[in-house]
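Down below are the structures I want you to see.
Paired with subunit B in one complex and with subunit C in the other, subunit A is shared by the two complexes that follow.
Here is the complex of A and B:
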């Protein structure tokens, strides 16, 4: 059974919510923290409801609506999200009030909105969707496991259309804490130059990417979600290379069948080394596109990568802003998205043109 | 009452609403009025505690107290008079 991507929606530090050619006018930043370019959320959410929603909820609802609109689906059979950080902003608000007010007179809104499944819940409430609703909080595998769950449900035949996606936000608190771990560059860098940066650390990002998946393809469908796989804490690069070979074999293809690899390079020389090794071993002559200089690094950033890969198949061209190595062939049939988060969470998503 | 309206707007994060646009007798909890809901009721109870140190002893009084900004203001004034 084939699983098709019938609609996509993305809200990111790029103008991805506006439609039009893929990343035609990329926004270039010179900073270590990228924030989303927010559309007018009132087009999807009533003013009375929007007042309780933090940014991550709004971006999740927005991307979900974009995806459903693109697929022509009003109510999916299931809603599955992946988020590592959840609703950080409201969690911070609630905890701050708890401390400042000595655990008394706490207001309900921030508490209600601070759970990880708030995004999936709000999407369901707005769509009046009473179907399966689940949220995966698996750090760098949150998005991938949401996709895996959707694939399994579709294959067992209990749903026809599933909305699946990943969403994460960065807040002042979380950015300050994560900066202490040395995850980000010490000084601002131009985002279009970050991938060639000779230092450790990357740029922080955030965003939401949603996909309306189905077992039948629509006239506007361009890609099939052929497979998803994850690998946790590989001991060495050979394990990753072996895992990719096995993954491709399971989907009846070899590295030679891949027309384009989309990697999660983020400009951290230590973390990007594995991409070099994998490319040298399996894809030495392949064109490579990248996405984290456009959306920043966050645990569900692979969602942006898959969104971009789907767009590349739709346009049969790699946007200039995403080109990293070589030129993609004229016919882009199979795209492999290989991403890792902090060297521990490695994932593969294979898309095939249809 | 203008101060109370401003506090309500801030506590409930009412967007695109100004103190001037809320009528003194406008019903708070109805679609025809301000359209507040049960979560807002909890927020208003906290508002009374935080800003006026008033705890509502009898929950059944809630609908009367929170009928409008005028009824809220009257309740606050009455409670402050009792305390004085």
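Here is the complex of A and C:
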């Protein structure tokens, strides 16, 4: 059975929510913390509710709606989200008040909205969707697990349309803490220079990418979601290379069948080394596109990568801002998205033009 | 896709016992786990009874063979997951393609909330090792790494149904031939964050909770972990499985972020969906392990949904949360183990402190422990915030 991407929606530090040519006029930053470019959320959410919603909920609801609208689906049969950090802002608000007020006189709103399933629950509530509803919170696999769950359910035949996506937000607290862990660059780097910056550390990002998946192809559908795979804590580079080979075999193809690789390079010289190794071993002459200089690094950033890969298949061209190496062939049929998060969570998503 | 998925074993740590055997003894002895707070430090210590696991972190770390300073959520998870694996008789874990799918809602919040006062006073303050495992997924990985599981590691957080959804996803991983075995369930430690959160919702009972009793006024929080070992048909043939996970469904109430709809729409859809998947009629269910938190809202919604689906043939039912408290992300896992064991041993668990019939309902929960019943099919309900409702069905064959 083929699984089709019938609609996509993305809210990110780029102007991805407004349609138009793919990443034609990229926003250029010179900072280590990127924030989403917010669309007008009033088109989907009541003004009174917007005030109470945290950013992660708004961007999740927004991207979900964009993807459903693109697919022409009003109510999906299932809603599956992935979020590594969950609702950090409301968690921080409740935690701060709890500490400062010595556990007294607290109000419920922030607590209610702090649970990791708030985004999926709010989407269900706004769509009046009684279907299957799940939330994966597994670090750099959160988004991929949501796709895997969706694929398995679609293959069972009980659902026709599934909304699946990934979302994560940055807050002042989380950025302060992750910076203390040494994840980010010490000095700001320009967007188009991130991937070639000769230092460790990356730039922080956030965003939401949702996909309306279906078992039938719509007139506007450009790509099939051919496969998704995860690899946890590979012992060495060879295991990653072997895993990719096995994944391609499972989907009846070889590296030669791949027209473009989209990799999760994030500008950290240590973390990017594996992409070099993989490209040298399996894809030495392939064109490579990248995305994390545009959206920043976060555990569900692969969602942006898959969104971009789908857009590349639609336009049959790699936007200049995403080009990293070589030139993609005229006909872009198969795109492999290979991402890793912090060296421990590796994932593969294969898209095929249809 | 027709392959069956079996339960090859299970493990539980909860407020009524450090392992499954001890939990069972507490049911037999009618000894619920609620007491004054002993291990968690909170301003509400004297106000709300809780069902804590009766051991400090040093003791749990010894049992788990993990460092004492890591999150209690991981310690509880490790102890129950290892018990589950050992009970399965599968032996050396490296011989199989194994997945670990764990639900939790708090992650390492127990450490984060200790870290936060110093951090709020000074952004460079607080010791980073206390927040390194804050993420829910990090807790799962600590345990997966200890057990030597790498084929598939995942974490689910759907509030109080997290553990139940872990079983569904685990079952699908086996049916899709991604792994042969999955340790699936959930874990949660008691934290000030959740205690205060539930307190703001005004659904905590200051007395031991009374699920499905007309005088109920709220829930007691608990903590713990519970995992089953799911195995494929071919592996089950080499073992003596407890029972089969024959049906499951997950539905969303789509009514309110925290409250259940008055007619229990999500609850009904989850139970109905699970019955449909297992190909059963309602009257074939012999026992229901209720979600049964003891809040006004949950029990009436769940009860009305059961009435709509099962009338006039009501199975035996009870809320084991009257013993373990509400263990949130762990509850679906803990109650899955209790339910699977119920099929194996014909157990009907008691619902403690039930005295007054709910006026909205024509049925009452079981109030005493009994075993040796001929239970062919047992249902376990888990309903939660965000409208997340899940039901599982365990069958003898």
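Throughout what follows, the second predicted complex is superposed on the first by the 354 of 354 C-alpha atoms of A that agree within 3 Å, B and C clash if a C-alpha of one lies under 4 Å from a C-alpha of the other, contacts with A are read in each partner's own complex, and residues count from 1 in each chain.
Note that in this section a residue touches a chain if its C-beta (ideal position, glycine included) is under 8 Å from a C-beta of that chain, and two chains touch if they have at least 3 such contacts.
Predicted model, so just to flag it, every value in this text is computed and none were measured.
Asks: Consider subunit A as the common anchor and indicate whether subunit B and subunit C clash or fit when overlaid.
Replies: On the superposed model, which is not a single observed complex, subunit B and subunit C fit side by side.
Asks: Touching A:327, do we find subunit B (first), subunit C (second), both, or neither?
Replies: Neither partner.
Asks: Return first, second, both or neither, reflecting whether A:112 touches subunit B, subunit C, both chains, or no partner chain.
Replies: So A:112 meets both subunit B and subunit C here.
Asks: Could you look at A:141 and tell me whether it touches subunit B, subunit C, both or neither (first, second, both, neither)?
Replies: second
Asks: So if I put the vertex at the Cα centre of subunit A, how wide is the angle out to the Cα centres of subunit B and subunit C? Nearest 10 degrees is fine.
Replies: After fitting both complexes on chain A, the angle is 60 degrees.
Asks: Which partner does A:177 reach: the first (subunit B), the second (subunit C), both, or neither?
Replies: After superposing on A, A:177 lies in contact with subunit C but is clear of subunit B.
Asks: With both structures placed on chain A, which of the two partners, subunit B or subunit C, ends up touching more residues of subunit A?
Replies: The partner making contact with more of subunit A's residues is C.
Asks: Should A:232 be classified as contacting the first partner (subunit B), the second (subunit C), both, or neither?
Replies: The answer is second: A:232 touches subunit C but not subunit B.
Asks: Quick one: is A:48 in contact with subunit B, with subunit C, with both, or with neither? Answer first, second, both or neither.
Replies: first
Asks: Rounded to whole Å, what minimum CA distance do you find between subunit B and subunit C in the overlaid structures?
Replies: 8
Asks: Would you mind listing the overlap between the subunit B footprint and the subunit C footprint on subunit A?
Replies: 106-108, 112
Asks: Would you pull the subunit C residues touching subunit A in the complex into a rising list?
Replies: 1, 42-44, 105, 112-113, 116-117, 119-120, 123-124, 128, 131-132, 135-138, 140-141, 144-145, 150-159, 165, 169, 172-173, 175-176, 192-193, 196-197, 199-201, 249-258, 265-266, 269, 384-388
Asks: Which residues of subunit A touch subunit B once you look at their complex with the stated criterion?
Replies: 47-48, 50-52, 101, 105-109, 112
Asks: If you look only at subunit B, which of its residues touch subunit A in the complex?
Replies: My answer: residues 11-16, 35, 39, 42-43, 46, 49-50.
Asks: In the complex formed with subunit C, which residues of subunit A make contact?
Replies: Result: residues 79, 84-86, 91, 94-96, 98-100, 102-104, 106-108, 111-118, 120-122, 124-125, 127-139, 141-142, 145, 149, 152-153, 155-156, 173, 176-177, 180-181, 230, 232-233 of subunit A touch subunit C.
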